[in-house]
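Okay, so chain A shows up in both of these, paired with chain B first and chain C after.
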Partner chain A sequence: MTAQLPPGLHMEKVDERIMTLNVGPQHPGSGHMRLIVKIDGDFIVSCDPDPGYVHRGEEKMAEYRNYITNIPHLERPVIHDSCNVLYPYCLGVEELLGVEVPERAKYLRVIASELNRCVYTQYWLAIYGIFLGHSTMFMWPAGDRELFIDMLEKMTGARVTHAYFVPGGIRNDVPANFEDMLLRRVDYFEKRIKEYAAIFYDNPILISRTTDAGVLSREDAIRLGTTGSTLRASGVDFDLRKKEKYDAYGELDVHSNVLKAGDSYARSKIPWLDMLESCNIIREAVRKMPKSGSVRVKLKPNPKGGDDEVYKRVESGRGSLGCYIVSRSKPEPYRVKMSVGSFRNLICLPYLLKGEKLGNMPAVYWSLNYWPVEADR
Partner chain B sequence: MSAPPQEAKPVPVEQPKDLPKFEKSIADKLEAKFGKKAAIEFVKPTRIRIKVGKDDVLEAAKFIRDELHFDHAESVSGVDYPDQKEIEVVYHLGSYTDPELADQVLTLATRAPREESPNPGNDSTRLPSLRDIFYSVEFHERECFEMLGVYFEGHPDNRRLLLPEDWADLPPLRKDFKIKGR
Partner chain C sequence: MSVIAPKFRLSYFIKSILDNAFWAITLLTLIGLPFVQVILFYLELPVIGGRLLDPYLALTILADPSRQIPLLQSFIQTDFFKIAVFPGFGFAALLAAGTIFVERKMLAKLQLRVGPFYCGKIEGILQLMSDGIKLLTKEIIIPAKADKPIFWAAPVLFVATAAAFVSLIPAAGGGWVVADVEVGLIAVFAIIGFFPVITVLSSWSANSKFPFIGGIRALHQMVSFEIPLILSVLGVVILTGTLNLTEIAESQDPFWWIIFLPIGAIVFFIAMLAELERIPFDLPEAESEIVAGWLTEFSGMMYGLVQLGSYLKLYAFAGLFVVLFLGGWSGPNIWPPFPEEIIEKGIELGPVTAHFPGLPLLDQQMLNDVLWYVIKVVGVIFFILLPRGVFPRVRIDLLLHIGWYKLIGLAFVNIFIALGLLYAGVLGPEGIL
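Now for the complex of A and B:
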């Protein structure tokens, strides 16, 4: 019977004991995706993630637009981390066109992408908090996030979808007295997020809910090719800001946070530690940044790449984000592929949830730092 | 208005003096092992690209994992070349375990024949799956199957991932699938 079905479709056996639950796609606990969970009593037997409800064909659209008009739509997968999403694409186009970015722009890019990382992480932390039933943890990050959104608005002119990075630099320079304002806000922000420890990370209820939930061992984290906070929570020290040293990261002292436990608690703590590290990076970048100079190299109109291909990657809020661009001497890229952290981390979800209690599902799922729209692209 | 004369394709491994040393040593190991079966297409700083035929891809992947210590796949991309009647599948491989390889990305490319009227899963557009060698390609290969119609033999789970279950059009990332109004 199953032999006659086309590939991709299959008949499912119905069991008397095992119940199938569809979590999503509208359920707020799953984001815009469906988890097909099979449970035996309270325990998860298997989990089959079914993403694709917010698939927008970014890669196909990129083949029809030229290198510059691709900028605004390629940042759409994660609008609150839009600088980091666009970063590898800009680095790739710069290599294809042979453009060298001015020194000041490199530092401003680092500042923008670190601010964006904090904005993204705060948003994620708010959601993580509310799904664990901690409503203060929803309110605080959602409020403190505004500090950096205001800074990004001063830099870029837009609150969320900045389209700030362009091949050749950044769109515009920052306003006068920006640096003083930024440093003041970074200090206040750091003070605020340190307070999260008392209410959230040292909270015995959170600790008891998330410790030992969904443990990913070091070997499995490597074998499954996970990335970002999921990988670093399992004891692998891999941060592209340190390893690949793109743009100004080579001149900055980046400390990558690693924890060994590999459980949901460790996975939820790494992004918070990263935010504290981002504050240090921003301060150092402001100190070392050239105080004046050009921020953008003018490109020719409708620039063409040669017959070449590039693969560039950066560390985004959700891990390594790669962009593969194939160029065939046309103003439009021949193929753009975004290899995103969310999609790469999705593979360990069935693995982590197996044998877990159904009530632990939100704690494990959101600890992966998964963003459905990014995974679907 | 004189167009600069440019070669259509980069000739593989032409200027030995410019090549970065460490990357060259990896490329040499690959060349020594596979000889003519594998073409080293470029060696750039931190990036190497090799292309193998579809029959050798399993062997090459095994060698890359066991001898060169690349341990995971970062991305699997399909690129459609209708003019050459082929679909290229590109694996970007990286390493977490070997600190020397942390910034290296090895690109392993292979090609499958392309059919004008595709029937995904039942036509000749097939490649061996690398899932048993690099476990991390599992979802990437599923995406490649639905988006380009490349069937991966030996993949345990060739279902749709992102597209709707009832998608009955061409695989959307093929070049003959056109966006309306463009």
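Now for the complex of A and C:
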């Protein structure tokens, strides 16, 4: 090359065999993000995830609003999992303000959180199904999701964006006769998702396609800092509901699902097993919940925290979801930082896709339990 | 829905109706009348009342509808009728359209949803028509760097090849086939061989990455599945001793070949799914990997033509399966006979008695054949559609593995079974059955 380049720039050497595909942001196989995939024939040479298309500055917005008005917008990164997104923030603010949550509110929080985990996981599973070309697996979870969306609507008043958790408890108590209806729906939901095994998880084509696709070893999973279902599919038993028992999870018997394979199939099966486990947790929580009592501690208007900082984390649908709040004795937080599971799981995508076939790309990419909007926040 | 638009003016409404009527009459005059003339040119015009049917006499058809019958009868015997209407394009396109509608409704029922529902009031039966009009009226966008002549030609060639395939499939006994070729089965495979060429041409000419990958995938898939497809029908050819599709269908008089050659039928069916690019073998159109594969750059009616071609191909493959393995059009006689008194006495229409000397237009045997053929074809199409609701997509290496290792092996097993049946004297020209 004779052309003079400005200092600091260099020409990239391009192999003629290598073809660069921009998968996304306008591609049916990507979320709100781009994967820059370089392929040699049918094999992926390198993959460079490029998130950031839906960055909305939630953390910066949180610095201009007080602790209560932050609630509705902080749940926006994952509206399908909005209770779990708000959970660490509420726990953190409660610790800053020194508020003790009533016992009944703790259990209702657990129930809402588990319902929301199922709703999120069903949505995720629907997209995993359609990414593999299984259109029935798109429609069934999307339909069965409605069972719990209805329950959440009865609890919170909104179908998707609930804004249900507030510092000091939950916004409203559940309506009368809620527990019976919930238990019936949980039973039906469990029966339905057990049917998914017959059409999806035991499907020989699915198994042959996703086993040994994108294998993440136990060491790599820990080294890359993955979390949630990605970590547990690689054989690491790390579930915050069991390890750091927050709220009412201390009194409940939580079983965390672990698989050893670490491939796309195992990663896709863990959330499904988690949904079955969620059904058990909901049943147990309904049984142990105090039947009456206060659900919310009355806070002072415009509460102020001290000169303090707090970090709380919960197990969301995508893994550990942490919230770091710095308070400077003002009604507004000085800094709110969310550490989300999606972004941490995305990091291992370039390692997993290297050397894989192009046909495995959607199976590996979506099995990471990644939600593009959450990663961008 | 049924709310009058807020700016409704009766005069505009009448004007729009008059405009539409003007265009309808104009188009009918410019296209319809020459079309009718062309058809009449090919017809052997009947003699009515000692006089050849000339334009003056043709107007008397309005007064005496029974005079149309000789005209229709001679029309049915032309090649044009065979190509355009019955075993040819019209029949196949009608079945293809039915297939699309049934596919959408059936898949919707399988997936706990409704499917097309609003268009046409009753279960959305007009949805297909509205989709067709939408495709027709959409803008056709050609990529700037595409090889334009080939890119334009590809959808047309695709439909033409599919129609050529349809023309070889017999739909009833007694010569109801467009092209009754002595080596029909070989002609079928010769035509199937064009599909990968067209696919690669279209994907290459689009000059885009995703169509290119899709086209290469389609080429791999079709070429590697043609071999088991051909090998699996060899068993039938060995037992029948002919390549003519009509004779193959008629050779299965008491027993269908699927009874003796089930392995061949299964191999043929799986290879057929792969040739049709249907789920689980729809890799060339895998949307989550390569957008829409080799169809990515097609828009508007070009896409519609490719879809039409692929559904024609689906019908043709289903028909071929019926002819080869399911006994073609054979079946018990369930079509009611034509009522004799209409031929003898005529129908009393008030004061006059209408006589229809040319009836019946089609004999009972042929209608019965067609009925059974359609029932079987619809059954096979149902089984082609079913995997779409049950299976995910396979990967290209698994697909080629299935094609080259398993299906070819099974096809050879099928050939040995056929040879065994032939030399054991069970079947064949001197067999006991």
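Everything that follows uses one rule, which is that the second predicted complex is superposed on the first by the 365 of 377 C-alpha atoms of A that agree within 3 Å, B and C clash if a C-alpha of one lies under 4 Å from a C-alpha of the other, contacts with A are read in each partner's own complex, and residues count from 1 in each chain.
FYI, contacts are C-beta pairs under 8 Å (C-beta built on N, C-alpha and C of every residue); 3 or more make two chains touch, one makes a residue touch a chain.
These figures come from a predicted structure and were not determined experimentally.
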Discussion item. Looking at A:Gly133 after the superposition, I want to know if it touches chain B, chain C, both of them or none. Which is it: first, second, both, neither?
Written reply: second
Worksheet, complete the sentence: Max touched-residue count on chain A (chain B vs chain C) belongs to chain B
Worksheet item: After superposition on the shared chain, which partner residues are touched by A:Ile347: those of chain B (first), chain C (second), both, or neither?
Response: first
Discussion item. After the superposition on A, what does A:Ile199 contact: first (chain B), second (chain C), both or neither?
Written reply: second
Discussion item. Is A:Leu21 touching anything from chain B or chain C once the two structures are fitted on A? First, second, both or neither.
Written reply: second
Worksheet item: So, does A:Glu251 touch the first partner chain B, the second partner chain C, both, or neither?
Response: neither
Item to complete: Applying the touch criterion given at the start, work out whether A:Arg335 contacts chain B, chain C, both or neither, answering first, second, both or neither.
Response: first
Worksheet item: Hey, what residues of chain A end up touching chain B and chain C alike?
Response: none
Discussion item. Touching residues of chain A toward chain C in the complex: what are they?
Written reply: 19, 21, 27-29, 42, 129-140, 143, 199-200, 203, 205-206, 208-209, 357-362
Item to complete: Would you mind writing out the residues of chain A in touch with chain B in their complex?
Response: 6-10, 50-52, 55, 57, 59-61, 64, 222-225, 231, 236, 238, 243-245, 306-311, 313, 320, 322, 324, 326, 329, 334-335, 337, 339, 343-344, 346-347, 376
Item to complete: State the interface residues of chain B toward chain A in the complex, per the touch definition above.
Response: 6, 8-10, 46-47, 49, 71-75, 77, 79-80, 90, 92, 96-97, 102-103, 105, 107, 120-122, 134-140, 143, 146, 151, 158-165, 172-173, 177, 179, 182
Worksheet item: Contact residues on chain C for chain A in the complex?
Response: 107, 110-113, 209-210, 213, 279-280, 282-283, 286-291, 388-398
